[in-house]
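Each of the next two complexes has subunit A plus one more chain, namely subunit B in the first and subunit C in the second.
Moving on, here comes the complex of A and B:
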């Protein structure tokens, strides 16, 4: 039992690290635009298909297919923002959230129309799992883990060192003051949507690599993404990472302790617990 | 030549469009003008109209003789006018250094040189450069806010209640920095609640009541004017003005 638990922890940390990529996209959009973008799941699916096409049709290795996933999802994210969300900006965050949810459904069905309902697999070499004593990890799992870490490192460097990244953090922190210092909030919002959706796309591709790609691959993640972001404190970058790892581990443990159907319950329980006990999330106020 | 000249400015908010009803003022380079008046007189609104956060309904704003009425915040920065707003005037989650860099956002190539100049004037900011702004004390935060505004080397600096919520000692120190900034050649317009103290460091003072000029003159003379004293300075030793007499809560 202890070994099974330890194995679940390993799997959970890896799954959580991958989940952190779209959760970061979700929380970044929330921090700058102040609404939860529920198209994030469909955007993850867009990225999963884009990466799959890049890999299977053009023979791209994973590290090269990821930027394709980023780009496709970023463009789709901007389209969702301009066509569905922006026209409802004046109506408030709730209407924007609903608009994004609807746009996500449209996107999902466009993908279904184009690619069908079949499960699509990446072109992956079949490799034997690595064994460490009683534990097993798949080399592909490790590659996905490393790719997820690389995505996060790039995001961190962008936010920390680029002028645009700093402007994004400034708008998230204090929009009025950013305006007074000459930042163009419309441009920053567009960059944030593109980056946030792009992260979702890369996350979707990483999940697709781990399992397979179908029109619901991203939609199945929405609850976990939302729970991770809420757990870490909506709008907090480090919070999204911590929240995602916590959710990833809890989901694996729930599957082990109960049965696979309970995976879904974890997200709901986490959201409920945070909202009743500590609405600002584990990390309190939003942070850069 | 005046650095900032404002003539019969009026405007307000979508919900309340007659807040400022004709304000005129002028500030010369190197001069410190303090603007005082009761809560709700429209002092902050005047500053928002000047920076382009709000669009004036009527009146004229000129910088160094050039008409800049109704320009966007970005154009106003480029024209040399910068505001330190009343509340939330630093980026709490950014470091001190990043806050300063944001002050030079439109001209990043000058950031290094300006950072050196600003941290030389405010050495405290150099010591704390890697610290998140939210960890600073109230007084330090106001200094950072002023340093950030000076990063773009403005010719006109607008300050909205820079000593709100500060201890008397921190307020004194800050007034000295404001005075020194003006003496370095910047035209400074400072809105203040600590009316008596503000008038003591200022060259001239303007009293705003209900969105209009009510009194103005050389600050020391105005501070001695019995009517002004009765209106705004009476009673409370600290010289806080408050038409309701209930005292003003300090911020944060």
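Moving on, here comes the complex of A and C:
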């Protein structure tokens, strides 16, 4: 049992780290634009298909296909923002959330029209797990883990050192003050949406690498992404990472303890518990 | 002569007095085709839809049913109960169809049957859930199943597992009526053989990974895992299993272990998987007619490529023969005639035209279908045979046929 638990922890941390990439995108958009962008699942799917096309049609290795996934999802994210969400800005966060949900459905079905419903696999050799005593871990899992960490490191450097990144943090911290200091809100919003959607796209591709690519690959993640962001505190960057790892581990461990049919409950219970006990989440100061 | 009001009225009254068939010349008998063109059933849906259309074309060419042409309305179920319910409502309320044929996947058929029951029309489906046989779902006996029940699939799995000499089978089921029906059927049949059942895991659909569920099963060291599953989840589970490097076999229903699975995973991962699918009635004349139609409509693909298309071909023919037999367009009369035209005794017929001629000559017919001999039991279920297909170098080789 202890072995199974340790194995579940390993798998959970890896799954959570990958989940953290789209969760970061989701929470970044929430921090700056103040609405939950539920198109995030479809944007992850866009990224997964873009990476898949880059890999299978142009022979790109994974590290080179990831920027393709980022770019495609960023463009799709901007299209969603400008065509669906922005016109409803005056109607409030709920309307923007609903608009993003609808735009996500449109995107998903556009992919379905373009690529069909078949499952697509990346052009990768299927490798056997590495075994360390009783534990096992897949080379692909490790590669995805490293790529996810690299994405997060890049995001951190961007937010920490670049002028635009600092402007984004400023708007997230105190919008009015940032505007007074001459930050261009339109530009910051556009960059945030592009980066957030791009992160979702990379997350979708990472998940697709490990499983397969189909029109629902991102939609399957939405509940976990949302739960991770809420758990960490909506709008909190470190919170999204911590929340994602916690959700990843909880989902894996739950299968050991309960009937796997109840695995989906983990996300809902996490959201419910946070909203009841600590509405601002683990790291959130402002969401409360 | 001038047309007076009196002549018009007399003409109208005369027309009303004429027999049904003459008056109905412009009318048609409306049928809805509701098939999984997209979603998990998409490898089969287009073929199913086209074979209904091809059979209806042949029926109309043979003079139609009771003097009426069959008019077909086609919808996509998207292999989704919600979408199927909307489509069924449209077929029933807008198109006013008198029967719906060709639903695939138990979730869809379970959702559609209450609507067809309310509208008092027939539903012919290819779904496996045992609940579709009996009340409350099939309360009016208007549902007909052209595929084996999941329970029978489970029995076939157990026969094959015993024949292959497996001793420690575990089961994994997709959490719906079909998936659980398969594994429950297997576990019952396996226990009835006096053998011990292993770990049983029911998993949720639409997960990005099934590693945790799979490890839970693998930790019990089974020599075979029997699945009640669909294509997307099977793809992920098999990929993750291959990565673990655990030597072990699989028995999987044919709608999940199909050429699309091999395409997604490659021949190395799928080597040695046993796919179990009901076998069409391949030696029969009806199959030859279906096969020719399938090749014409589906780019010269043989009819054996899609067992469900053979079922829908049979649906159109059975329905049309029952209408001929009933000499009525009323559901109750047609329903009463279905077993008369499909079950023995009677003159074996392979096409609608043949059956129509025999019925006109006053003989009792027994339609022997392309999908099976098509004899319905008291629940409206058929019992086809099952093929054990071994995947070898990416090819599906049928090693033997199991009868239950």
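As a convention for this text, the second predicted complex is superposed on the first by the 282 of 288 C-alpha atoms of A that agree within 3 Å, B and C clash if a C-alpha of one lies under 4 Å from a C-alpha of the other, contacts with A are read in each partner's own complex, and residues count from 1 in each chain.
Keep this in mind: a contact is a pair of C-beta atoms (placed from the backbone, for glycine too) under 8 Å apart; a residue touches a chain by one contact, two chains touch by 3 or more.
Note that the structure is predicted; figures quoted are calculated from it, not measured.
On the superposed subunit A, the two partners subunit B and subunit C both fit, without a clash. In the superposition on chain A, A:128 makes contact with subunit C only, not with subunit B.
By the document's definition of touching, of the two partners only subunit B reaches A:169; subunit C does not.
In the overlay built on the shared chain, the residue A:216 is in contact with subunit C alone; subunit B does not reach it.
More subunit A residues lie in contact with C than with the other chain of the pair subunit B and subunit C.
Of the two partner chains placed by the overlay, only subunit C lies in contact with A:255; subunit B stays clear of it. By the touch criterion defined above, A:119 lies against subunit C but remains apart from subunit B after alignment on the C-alpha atoms of chain A. Of all Cα pairs linking subunit B with subunit C in the superposition, the shortest spans 35 Å. The interface of subunit A with subunit B does not overlap its interface with subunit C at any residue.
Contact residues on subunit A toward subunit B in their complex (touch as defined above): 163, 166-167, 169-170, 172-174, 176-184, 286-288. Subunit B makes touch with subunit A in their complex at residues 51, 53, 73-74, 77-78, 82-83, 85, 88-94, 98, 101-103, 105-106, 108, 148.
Taken together, the subunit A residues at the contact with subunit C in this complex read 4, 7-8, 11, 15, 112, 116-121, 126-129, 131, 136, 138, 140, 207, 210-212, 214, 216-217, 219-221, 251-252, 255-256, 259-264.
Residues of subunit C that touch subunit A in their complex: 38-40, 42, 175, 201-204, 206-209, 211-213, 215-216, 219, 231-232, 235-236, 239, 242-245, 260, 263-266, 268-269.
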